[in-house]
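Next, two complexes with chain A in common: one pairs it with chain B, the other with chain C.
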Partner chain A sequence: MITFRASFRHELLSSARSRSPQLIIAVFLVLTSISSIIGWLTVRNVTKIYSDIVSQGLTRAPNPFTGTASLYYMRDSVIYIVLVGSLMAIVLGAQTSLRDRNSSADVLIKTRNVSLLSRALGQLSAIGTIIAGLEAVALVASILTIWMIQKTPLSLASFVHLLSFGAISGLLMLAIASLGFAFGLYARSEESALLYPIVTWAIITFTVPQIITSTHPVALLNPTPAIATGTGLAQSMVNTFSPLMLMEHFKYIANSILSIDSSLKLSTTSIVSFAAFVAFALTGSISISAKAFGRKLNV
Partner chain B sequence: MSNITVIARKEIGDAIRSRQMLLLVTFLSLAILISVWVASASFGLKMTDYNAYLSALTPQQRLQALTRPQLFPLTLLRSGIEYLEILGALFAFIIGFTSISRERSRGTSLLLLSRPITKREIILGKIFGLFAIWSVILAIIYAASVGAILTVGHGQLGAIDYARLLIAFVGADIYLLFWSIFAIAITSRMKQFASAILVGITSWLVVVLVIPQIGDTMDPDNQVPGGLFASLGILKSNEISILSHFHTFDVLRNGLEVTSITKLFERVAFAFLGVKDKYNQASLSTVARAFGTSIAAILILTILVGVITMMISKNEETLKRRSS
Partner chain C sequence: MTSELAISAKHITKRYDDKTALNDLTLSVNHGEIFGLLGHNGAGKTTTVSILTTLTTPTSGEATINGFDIQSKPKQVRQSIGYLPESVQFYEYLTVFENLDYLAKLSGLKNPRNRILEVLEFLEFEEHLNERISTFSKGMKQRVGIGQAILHSPQVLFLDEPTSGLDPEGVIQLRELITLLNHELGMTIFMNTHLLSEVTKLCTQIGILKNGTLIYQNSLVSTIGSFDAGDSLEDIYFKIDGANSK
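Coming up: the complex of A and B.
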């Protein structure tokens, strides 16, 4: 317990002092905070266009935005978690283990009677606390923005949905941060500790969903999940590989929580794949960290 | 042989021996091959649906049937170009970064600077070397793309298609060189390698992913599945006249998009390859005239980042620290 607490406090303190991840943290906070404003501007513009079309008598179709949920404005936050949040998590995780290796603190720790498991748990808990703090700031900004846009505060139900979205996003980022942490412990150099997880992230975010759903890579920047249109792959192959479309599963879950697109149904595959990834990433990185702790850097 | 040529040749030699480089080229080529296969399979399914639709019609109904889907082989490369603009830029950054970090961590940059060679020559040599490396990589990917279209995509290419593809790949060469030069600039100047990676990755994230994503979000037609105007049953001619009432918003959206070199490259490449319907089968001169400003902007941005890198070379600290 002492090791856990000491590692937790030390990690929080070191992260607060570290200047390297500040830029990406700033980008994350700015984007997640302004996503509601971007969403609102777009909805307002579309509604104006719709009114113009109706006034010219060109359509009788209903306004596509009538009855949209108040959390619809936050739809872009989903993609910012996938893009910026994930990369920020990799950086935070990798920096934590690299800091020990750079300062050779790992050599010193190995000479003491310290539980490496408790230490890793303490460090990961600290990263989790930082991520939760950043997510909380982003959510508060969103709540205030939506309040200003709608001129009425969020309902209790919407508030709960928003918190659930924050929790799911936090879990995704923590799982990715723990992978960054493991890469940071295992990689031979500081560069590869950052680059390998980033390339892996790019493959999971763009290549795997494209193969399975036939969606163009740029279309995957859409906050709503890609829908399979047929790629010629056998269904058994699709079923085997679809759990790897982690970011698309996250989008499905987030869509369902924020009620962005009611036509999209949340499947058990999405929930199970997401949960399995989080469990695998956390347990895997903790077990690796105990084994890989103390590896020399740049040899 | 000038100092610049020696450095450039050494850069190419390092790249040939690099496992990392081989991995990146293989990955990019495979990604493009897969994307052509996926697009071709999608088209195959569309044709199957169309044939099933035709067989369900009576001979009389067939006279008024929907037109047969047409395959424009170069459009099969849409995802391939998107891979170049997203992952290619990331890899270009990594290659540029490694080119400098290798010299600094091994201490060879200090050794080089003890010889009669200037920092400016070292950086210029590296830029020329990287340009040659990217040209060779893209030539390989060009051949892989043509092979993929002809074999996996079952498409046929005419001389004009080869020319269109060549123009798109020359554009890609300049675009990727931009990212490699940018990596050289920040890696030669920044104290810590990790900081250089973070600044680079954050810039890549904003320019390649975030700005185009915000631009797409602000496009009203992207707000409804299948398109806003199509879902409301609006004809193309009416759509243009309606959008003209919302000119300011569109100018803002477009203004944001053109701040990203990625979006500029995408527009140019898509226009030449005919991915953009409006320019499909348009003559090369028509496309060149329509996208002259975008082409000039890509060139200017690349030259600008090159000039800034040269200016950085004047700084006392540049390339001097061994490692951190």
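Coming up: the complex of A and C.
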């Protein structure tokens, strides 16, 4: 327990003092905090254009935003988590293990009776705490801005949905951070410790969905997920590779929680794939940490 | 547990793929000695220390520290030893206290503040307690390095090229500190070096390692006594080294 506590505290202190992740943390915080304002501006602009068209008698169609959920304003947060949140998590995770290797503290630790498992758990718990803290700040900002925009506080149901979205986002970022942590332990150089997880993230986020859904890469920057379709051989490819479209599964889950697009139905595949990824990333990185700890870094 | 020997290694061999880093190394160090392991770069000095400090396992052979076998009782070995690697950087954005506090807790010390202050006082370094390591010279870092190595009061201290990269003043200060650790705290010290001057001024026993093989071990006094009266340790080293090249 002393190892867990010491590592947890040490990691929080180190992350607070270390300069490199701070910029990306700031970008993440600003974007997620103002996402509901951006969402509100979008709704306001579209509604204004809609009103102009209606007044000119060009349409009788109902306002597309009539009856949208109050959490709809949060839709941009989904993509900020997928893009900025994931990169921030990679940097946080990789920096944690690189710190030990750069400082040669790994050698000092290996000559002590330290449970590497407890230590890895302490480190990852600290990263989880940092991510949870950032999520909490972003959610509080969102609650306040939605309150101001709607001139009424969030309902209890919406509040619970918002918390669930925060929890799912936090889990995704923690899983990605643990991948960064594992690559930071294993990679031969500091550059590759960051490059490998970023390439893995890019494959999961862009390459796999593009192959499966034939979606234009830019369209993958939408908060709504791309839909996998196909017949015959294409369908078997979809079935084989669709569990790897982790970010699209995350979008499905987030869509369902935030009620962004009611036409999209959440599937069991999305839930299972997402849960399996989180479990695999966390257990994998912890087990790697005991084996790979102390590998020399090429300077 | 007390043992007659502080360090005992028998027929240690270490191979990395097709390269033999250590070949049938046998050596012993008594309690209270300062043992200097000499050798060229790549002779196997760091591999020897890595095996004795449980950082790596030997391909064959056995070794004990304070009577504890390095392979079957690694936990007890780690409790008995302190280690200062050749180049230690620490967490540079943390202060001396924060670095030592973390390492002390990982050594199992629950409330290490008093012990840290005691160690820093011994090292005459207490005024730097709350300074960040990033502002320190190599010599100051080595002092903190010694500090972390003795936090848990080990009986045997391993130093890998401790004076490497230090300026002359830093070398003198570290030499005094090593002597103090040996005389006042009674620590057995095992140091790797390729500097003959260090051995002459510090060590009571020497060993010479060449291409992974220990070619010589004796006390410093006997070593100097068994060669020509005018020979410096440098001359002696090259005579032993040369004799083993033929």
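Just so we're on the same page, the second predicted complex is superposed on the first by the 293 of 299 C-alpha atoms of A that agree within 3 Å, B and C clash if a C-alpha of one lies under 4 Å from a C-alpha of the other, contacts with A are read in each partner's own complex, and residues count from 1 in each chain.
Rule of thumb we're sticking to: a residue touches a chain if its C-beta (ideal position, glycine included) is under 8 Å from a C-beta of that chain, and two chains touch if they have at least 3 such contacts.
No experiment lies behind these values; they were computed from the predicted model shown.
In the superposition on chain A, contact is made by A:13 with chain C only, not with chain B. When the shared chain is aligned, chain C comes close enough to touch A:113, but chain B does not. Once the two complexes are overlaid on the shared chain, A:296 sits clear of chain B and of chain C alike. Contacts of A:265 after superposition on the shared chain: neither chain B nor chain C is touched.
Once the two complexes are overlaid on the shared chain, A:105 sits against chain C while remaining clear of chain B.
Taking chain A as the reference chain, the count of touched residues is higher for B when chain B and chain C are set side by side. When both complexes are overlaid on chain A, the residue A:91 reaches chain B alone and has no touch with chain C. On chain A, the surface touched by chain B in one complex and the surface touched by chain C in the other have no residue in common. Across the complex, chain B is touched by residues 19-21, 23-24, 27, 31, 38-39, 41-43, 45-46, 48-50, 52-53, 56, 58-59, 61, 64-65, 76, 79-80, 83-84, 87, 91, 95, 98, 190-191, 194-195, 198-199, 202, 206-207, 210-211, 214, 216-218, 221-222, 229-233, 261, 263, 298 of chain A. Across the complex, chain A is touched by residues 31, 34-35, 37-39, 41-42, 44-45, 78-79, 82-83, 85-87, 90, 94, 97-98, 101, 105, 192-195, 197-199, 201-202, 205-206, 209-210, 212-214, 216-218, 220, 222-225, 228, 231-234, 238, 242-243, 245-246, 249, 266, 323 of chain B. Per the touch definition, chain C reaches chain A in the complex via residues 53-55, 75, 78-79, 81, 83, 85, 87-94, 98, 102-103, 105-108, 110, 148.
Across the complex, chain A meets chain C through its residues 2-3, 5-7, 10, 13-14, 17-18, 99, 102-105, 107-114, 119, 294.
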